[in-house]
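Here come two complexes built around chain A, the first alongside chain B, the second alongside chain C.
For the complex of A and B:
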């Protein structure tokens, strides 16, 4: 303590000024790109910002918590049309996509962790779906899911005979699968590559030790691999949660490039907020819905962080 | 420290260079000539939106060498957001294309110039088709903010080879009953022509811009409507609207339309018709252009169907024979600094010469009455059908709340196709009434909020 006090006041500034210089652009970028828009969004959520007041923009009349009341408590408000369905869909979508991408990523990472000829080629090949932009993914899968001529039904019904008739994927309750599967397809390589990096850090001696104790591969996975990879897959859970709750491109492009309505089983929070803000011109209510979603996400991330801290401590 | 000073001086001189180079460019542009650059935002109305419009404007450049037009093409999907953002931020072009249903909403924001005085110099209302002229201002006001540019009307396309084979004629399609009987006959015949099984009718489902447009004529022709005549109340929960909707849905439940159609959009249905899958479809005049344009120019004139089709108006319902009329208008933003030059562009684009030329390229119908006298619209009997359809056409009410109601209706009637597909015991009157009650409640909530 004493030594610190003796140092001049700008000692740390001088010592770390290069670090500050490197951080500064990111910090300025974050303030401009994130913090100011968030604050503006929160401010907008208190305004009556619709087609009549849009020209006044931030000078639109202040209605305080009316928009929040409309979203949460007013059953006759237009924003409530289909809101609960999009909440339900977003939860199902987020849970299944996150689980799916980590699960698939883990299986392939375990396979790629084995030594075999052409391993690096296969690894590169598997990354391809991650390169495809999300809106292209939406358009392409929109074609693939078509009932009569889509390749998926051709494979499932005509080639493999797994189903008796060709089901509809883009109309009706199956819509939820039509958006979940492409999202897993798009994101699983990211999980795979991170899990693979984690796997390569686990010492082979640990596996040798449990082998001597008589454990099989299954036990070795659950006792060694899974717990030691916890920091990696927990980060994946966080990323998955955030990406998928805010998912937009794949859904909007799959259903008429934004023209159509994704359906009772395809509408997510983001497509709902988009429709209310940009198509129905109720930016105040749209902003309020976004702020409520942001609050939920902050809570969810907080809960996640507690688990993560515990996991880190146990490792 | 010297090092930091050096970096500082370098950065400062770089910034000075950038600032001055920017200035010099601006001053060069200002000094070069008296050319006025007018910016114009359009949507992809034809295969090559910018090139086609440039070609049409060649006549304009001859008489206005001092006006240069910079055309930007916006995708329909992004246009609504781009235009409204432009209206709010002021970072807008001089001229903008607006879908007819958007005019009232954007006008109500006060973002568009008043064109009433100028439009009177070209003949005012009498210069345009009455049905489309209604979309040039907010209903109930006389302030013209967006002048009609082109019209998108719908008509029925049918296969003459199928009709000849089954002894059907155009006259059989003139009423709802006749239309249904014709569909029944085609369904029973179960034809396979040119290797393709022909199903009676193709209609797009929910993943489409046209969900509401496709339903509108059936609802109107049964005497129903979306809003009451004063546009203050919903007219959805009425027996007439239910009747129109029931008839349209019955085309699916009776098996005239394959269920696979319900996940398709207009472009896919069009494509299927061109390839011989359907005997009948309803479509805009750009489909006629597609079927009479060579494949080199992006058309389908080489297909089997292109040589064997004709066009008929919508079948007459119990209360009328209206077709849906939409299209686009042109407006000048209030913030434009080149209003005079922009008006000259608008005046040219609504002249007979430009109207005919643009319709030839886009496939749409003209908004100016005199353009219909051109041989292009009178010589081909199929195009003449559109000429009539446009006269009987009906547009949505030009009220600011319509822009907010349409997405709600598109959602509700989109879900309708989900229900129709899932329904095990058909989709009857009870289900339709339930659906309309929900749509009614939703529209009322919008009307209440926008009182």
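For the complex of A and C:
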């Protein structure tokens, strides 16, 4: 500990030439693959870039804010209605999935934090769902949600008799659940692993102290564990927010393996933009929608960052 | 005074413990269930999946045909089983099953030859019903579900085999004793035509193809006649050659009776039965007796008229076999009929056999064949490569993910080290830039890149879309920032003192990195590399837009199993399992490192 205190900065060497050489390839790559495309993307959102003008590249006719108007304000535009639905779905989806994966992750992390034989084996088994590729997750759950032949309806209706008739999961308002559950299933072990790592950093003495004060486990959790884990779960909230708002693979693969339309209650922002761009070949609208999405994300991350700072100061 | 407990402390603790274990087990089972279901479904028959059967169903035991001699009654069923019964007391004497599909049978004086499209030909001793010899199927490289009927006929020395499959125009000739492939007869028929089925009569092999009838002379060993009959010749799979009188040839096909005038090469008469049968019936007193689903149809061979149609000959079965309501059967359907002395043998679906005296309205005895085996289709795992070009997609995925991992690791290692160890100008900004790339939606890059690639191709003629290079380049660029972020935490754990001492020993900046830090960071680099590999393996959106038929990766290719052309959930689940297994293995090999790297990055922020 002493040496680190003496050397407040992590950086050690002061000859920078080699450092620039080290980051140069990455920097060039980022300029070509990140910086230039983003600038182009913003520019393209002002162009009428569709199947006919595609070959003109950046010389496509400039329509200024027409795409934004179509997406946000134009009451006769079908794109706007589709987008509003997908925004609503994305918000519901993101909130529920993030809550679900952190909640479930917290419960299992608390269980795995206890000592019991075979703990690491159980932990590995819990990680199973996290390893399945997301496109497989989409295909698999799309297969399981099928109305008449899907195993979920067979279990719920034929075996457990929880529902009177087999509901349609991939059509109509149920769709939102059909996309939320698999996403939680796929991502919760990630939250669990992070929270477990955080839990193992909390010293047992703290719990002993509150036990003497007569607190039960419930209050100990809310008074000690939850506040002390705040940095961990707040980062999980950020991750969840970014991942889930940009969620694409699971949802697109669940409906006709990408060929189908997820429906009014299953369409997310990303699937909406992808469909507008690469199936309707209207890249201007696609670019405009992604710029709007990016703006919202920047705002959301800024808000998150304020909370995070506050949390860091309070700890 | 402590309040009185209704359970003792130890009882309460025990209940808590049991509850804890039960809760965890339930969670585990629920969490692992989808993966189990994927693997389980990949071993099922597609028809079972599509009809909503949960378990492995038994194969159907529909009776294919009969054979009788003085020792017994032999019942052949379509799942590839032969059962031998005592003709007097109707007891099962022997039973054999050769697993396979599209089974057909040939007989000679000592042996039965059981042929199917996936396990080949089996030679079975007639007395003991033991498999004497077995040879693999000659036609390979096709999805087994796409095969139709297998035809097999035995002559004195040879065995003739063919399978109904688009593009197959061969008859395979086997030596009957050793079951060795002797030669292949290639039929002079159109590219798009195929052999439906053939039948042997008087040293002549009559072969029905889509539009033509071919006659192969066994003695001359060549095709002696080809009759083009056109579209009217349907169904053209020949079950039996009923009679030959001069130039008049009478053929029984799957559900029609044809009279073909060989002199003018035309169909002179056609009688449709409109039913599905398996067997070729028998001829008694100039009449042809064949099965119809309800009973027996008798046709006068001379006049080609249906003399009578006897129905209701099968008694409803009360027990013995459970009829699946989803399979569409309401009762047993007669599928074959045979003559045994003065009695009729009726074979029906679900392995039902009835004995009937000619003229009687009801059978006097019924029995049931032994139950079929449960069909666990391991063949799905070999079919999936043949149904679509899944091997190519797997190879593409491995190449693209592998190179992405390699390049991303090279770039990220250098950059991460520089970020951790050097306080260069712009260090902080570079770090922020790396983090903020994670915040931008990928489609934001995809749209401009797609159009840019198209433009570059239009202007310079260099193809980027649809090449490995383009995709590897993009993936590398996208996974480098995240890799840097994880690798930073690995480099940060390497003590600075080690590098200091190396410097004192005279190493320059690069040597310190290369000889001291890099070897120490190798576990972290490998773990991060695996994570990059998994991410590239999982990538869908870019691959969707930027690949073509030759460079498709698994997520794009796997969609072809279910869609416009086919509905093969069984193969799709098998392919999904195949796509998950490498990932699973890689992850478990390096689980500790990956988890450590990710948690270190996340917990520290």
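FYI, the second predicted complex is superposed on the first by the 281 of 315 C-alpha atoms of A that agree within 3 Å, B and C clash if a C-alpha of one lies under 4 Å from a C-alpha of the other, contacts with A are read in each partner's own complex, and residues count from 1 in each chain.
As a convention for this text, contacts are C-beta pairs under 8 Å (C-beta built on N, C-alpha and C of every residue); 3 or more make two chains touch, one makes a residue touch a chain.
For clarity, every value in this text was computed on a predicted model and none was experimentally measured.
K.L.:
On the A-aligned overlay, A:26 touches which partner chain: chain B = first, chain C = second, or both, or neither?
P.N.:
In the superposition, A:26 contacts chain C only.
K.L.:
Considering only touches as defined above, state whether A:77 meets chain B (first), chain C (second), both or neither.
P.N.:
A:77 contacts chain B only, not chain C.
K.L.:
Thinking of the overlay built on chain A, is A:113 touched by chain B (first), by chain C (second), by both, or by neither?
P.N.:
In the superposed model, A:113 contacts neither chain B nor chain C.
K.L.:
By residue count, which of the two partners contacts chain A more extensively, chain B or chain C?
P.N.:
C
K.L.:
Between chain B (first) and chain C (second), which, if any, makes contact with A:174: first, second, both or neither?
P.N.:
A:174 contacts neither chain B nor chain C.
K.L.:
Given the touch rule stated above, what does A:54 touch, chain B (first), chain C (second), both, or neither?
P.N.:
both
K.L.:
Quick check for you: in the superposed arrangement, does A:148 touch first (chain B), second (chain C), both or neither?
P.N.:
It touches chain B and chain C both.
K.L.:
I'd like to know which partner A:280 touches here: chain B for first, chain C for second, both or neither.
P.N.:
In the superposition, A:280 contacts chain B only.
K.L.:
Could you list which residues of chain A make contact with chain B in one structure and with chain C in the other?
P.N.:
In chain A, residues 54-55, 57, 148, 256-259, 278 are touched by chain B and also by chain C.
K.L.:
Which chain B residues qualify as touching chain A in the complex?
P.N.:
76-77, 80-81, 84, 87-88, 105, 108-111, 205-209, 211, 258-260, 262-265, 400, 403-404, 407-408, 410-411, 414-415, 417-418, 421-422, 441-442, 445-446, 448-450
K.L.:
Note which residues of chain A are touching chain C in the complex, please.
P.N.:
That would be residues 3, 7, 9-16, 18-20, 22-23, 25-27, 29-30, 32-34, 36-38, 40-41, 44, 49, 54-55, 57, 108, 111, 122, 124-129, 131-137, 139-141, 143-144, 148-149, 151, 154, 185, 190, 193-194, 197-198, 201, 231-232, 235-236, 239, 242, 245-246, 248-249, 252-253, 256-259, 270, 273-274, 277-278, 283, 286-287, 290-291, 293-294, 297-298, 301 of chain A.
K.L.:
For the complex, which residues does chain C have touching chain A?
P.N.:
Per the touch definition, chain C meets chain A at residues 20, 23-24, 27-28, 31-32, 34-35, 37-38, 41, 49-52, 54, 411-412, 414-415, 417-425, 427, 430, 433-434, 437-452, 454-455, 458, 473-474, 476-478, 480-481, 484, 492, 496-497, 499-500, 509-510, 513, 534, 537-538, 540-541, 544-545, 554-555, 558-559, 562-564, 569, 572-573, 576, 579-580, 583-584, 587-588, 591, 595, 598-599, 602-603, 605.
K.L.:
In the complex formed with chain B, which residues of chain A make contact?
P.N.:
Where chain A meets chain B, its residues are 50-52, 54-55, 57, 76-78, 81-82, 142, 146-148, 168-173, 255-261, 263-265, 275, 278-282.
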